[in-house]
């Protein structure tokens, strides 16, 4: 029995991250904690993201910004690079946001983010090739 | 003798922050280090911000995002709340970005940012009243 | 119309922070964003805190730990010092947790936390005197 | 010639981390700096940890909390997951502490911590199988 | 009864921070925790700082660097600006270290550090005037 | 057409990092963003580093300090360990700076930095052997 928020959150999460990506992500979290997986769907994606005040693309550029500045969140950055592309951001815009962040978090965090963005693009290209 | 980048950066900085705000900010920095003030104009505002790939409003919402997540950058957040408004963001959009950040940096940093945004709005209202 | 989670969260929040403290805190947040105030009650206090797996005192010592290590969360530390006392922690235990954190976050963050704990104790004593 | 604090610290460190784990850890540090290894034993384990004011299990749950919130301390988190189990914490309690931290450090740091806890449990299971 | 390390650490601490500054600092910490004050003297100043491998001035410029980058350590930065001057660094060198840090931690943390350095210099000048 | 600052920055960058190391680093960044590579040369190495107020060795020990304290900057630390050696720092001085940082950022970040320094030394030794 899942909540209405869970249902709404899962739709939102799949729309941002892609359906197989969202489902794989949740499956991995579920192996260790079903509570954590549940609140991950219900709270950010079921509550915060669906509000109308910001469009999806802006939200994802803000996510890329946050994950760059945090410095220790490169696995999540990888997920949101794909989400940003899914929501209409161009590769150039994603790189531009990371570049702007040099001024806010310095070169080390921005460089690590940039190289993670690069690897994400390469992985997407490799997967596209296979299809 | 100022560089072309300085000239360009000062225009950009004033357009984002407001002219008196930008000039006061630089005056304060200049009292301790003219080099710091110079690179503050030339690098973020003369190099990073003027590039066309992102519009001003998106850049400022990303700045608000970064300054929220950093946690220790509330004086700068205050400056960029005003800049975001100058660049066309609504108060609701600024609050929404900070609210989204709960998921990325947790409640303490997001709460401190929210209350700083609140104080910035109140200060703007007080200044408008005076006019 | 508030949700069941809100009702449950508000009871939990008041039990941890004290009723007037919780209500004042929420009133301040509500002035700027009712959404933020709502999720602050519903998510940490309505979802995470009420789970049985940890007792209240352990949860609050973990909160004190987190707020010490973050470094930029002294206003929230002040709130949770009181919450830790409300949940059965002694003053000595709170100070001990902050002292242990020297090893995890270094002296600067631990010292700022310790002095905030000191001020919280002094404020509590002053309020008790007045009664 | 080791100090009394070193002797006391080594006993404490081995009791928390396990004897082979503590000794391997110190051997690795000793290869690059005997001073660093010495103060690692003497200061946190010889001075801070042996004080009576908190029981071992609470100290280790606070360590798990701190290492989750820091975000960049996943190798140390791995060590303290094992230490927390050695000191009487259950797997569920460790996961619960990490889950509570979502509210303090956001999803990215908490998710990375959760997946590190998962890997630690899997490694412990694999080692138990071998015996 | 104080340890040999305490005695050695207090001499070192007073030499870096100045005698009245060190004593005031310790008095404030001692009001809340004598253990914290003790390890603050014994560990960094009694163990780490007296080692010959780095001269005092280099150690203090590294301290200024660290406290700039941390972002949330402005009260401690204030203490170490004075310590750096006591150990032979010039005002220009302190400002230069903070300026270099723009590249490592971004403008917000570096700006807050710079303005704290400015206030420290002004306070020193005001105290010198009084004498 | 490169700027004068770029030319000056590239000389400085190569002198600090080593010519092949600097060129490889820039080639990797250039694959994803020529703008990022350009400002990486022009701003820290073309503007901040060449100023006379600090000698190269002090600048590099401050870089090691910053990259230790940040916690999430181990790839960059690796680069600056080599740069510090190139600029006249001894291995013992680099280890000593990291050890001093225990007091500022705690054991987890300092330990991760120390083990990264160890790996950097081992890699340098392996490369020297090959020659």
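A few points about this structure:
Labels for the chains are A, B, C, D, E and F, by order of writing; each one numbers its residues from 1.
Please note the rule applied: contacts are C-beta pairs under 8 Å (C-beta built on N, C-alpha and C of every residue); 3 or more make two chains touch, one makes a residue touch a chain.
These numbers come from a predicted model, not from an experiment.
Chains making contact with chain D as well as with chain E: A, B, C, F.
Ranking A-B and B-E by contacting C-beta pairs places A-B first.
The rotation relating chain B to chain F, fitted on Cα atoms, comes to 180°, given as a multiple of 5. The mean-CA centres of chain E and chain F are about 25 angstrom from one another, to the nearest whole unit.
For the pair chain C and chain E, the distance between mean C-alpha positions equals 30 Å. Distance between chain C and chain F, defined via averaged C-alpha coordinates, is recorded as 40 Å. The set of chain A residues that touch two or more partner chains comprises 35, 39, 43-44, 48, 51, 67, 70-73, 99, 101-108. Chain contacts here are complete: no pair of chains fails to touch.
By the touch rule above, chain C contacts chain F in their complex via residues 101-108. The residues of chain C lying in touch with chain E in their complex are 70-72, 95, 98-99, 102, 106-112, 114-115, 117-118, 121.
In the complex of the two chains, the chain E residues touching chain D come out as 35, 39, 43, 47-48, 51.
Chain C meets chain D in the complex at residues 43-44, 48-49, 51, 53-54, 58-59, 61-63, 65-70, 73, 92-93, 96-97, 99-105.
Per the touch definition, chain C reaches chain B in the complex via residues 28-29, 31-33, 35-36, 39-40, 44, 67, 70-73, 75-76.
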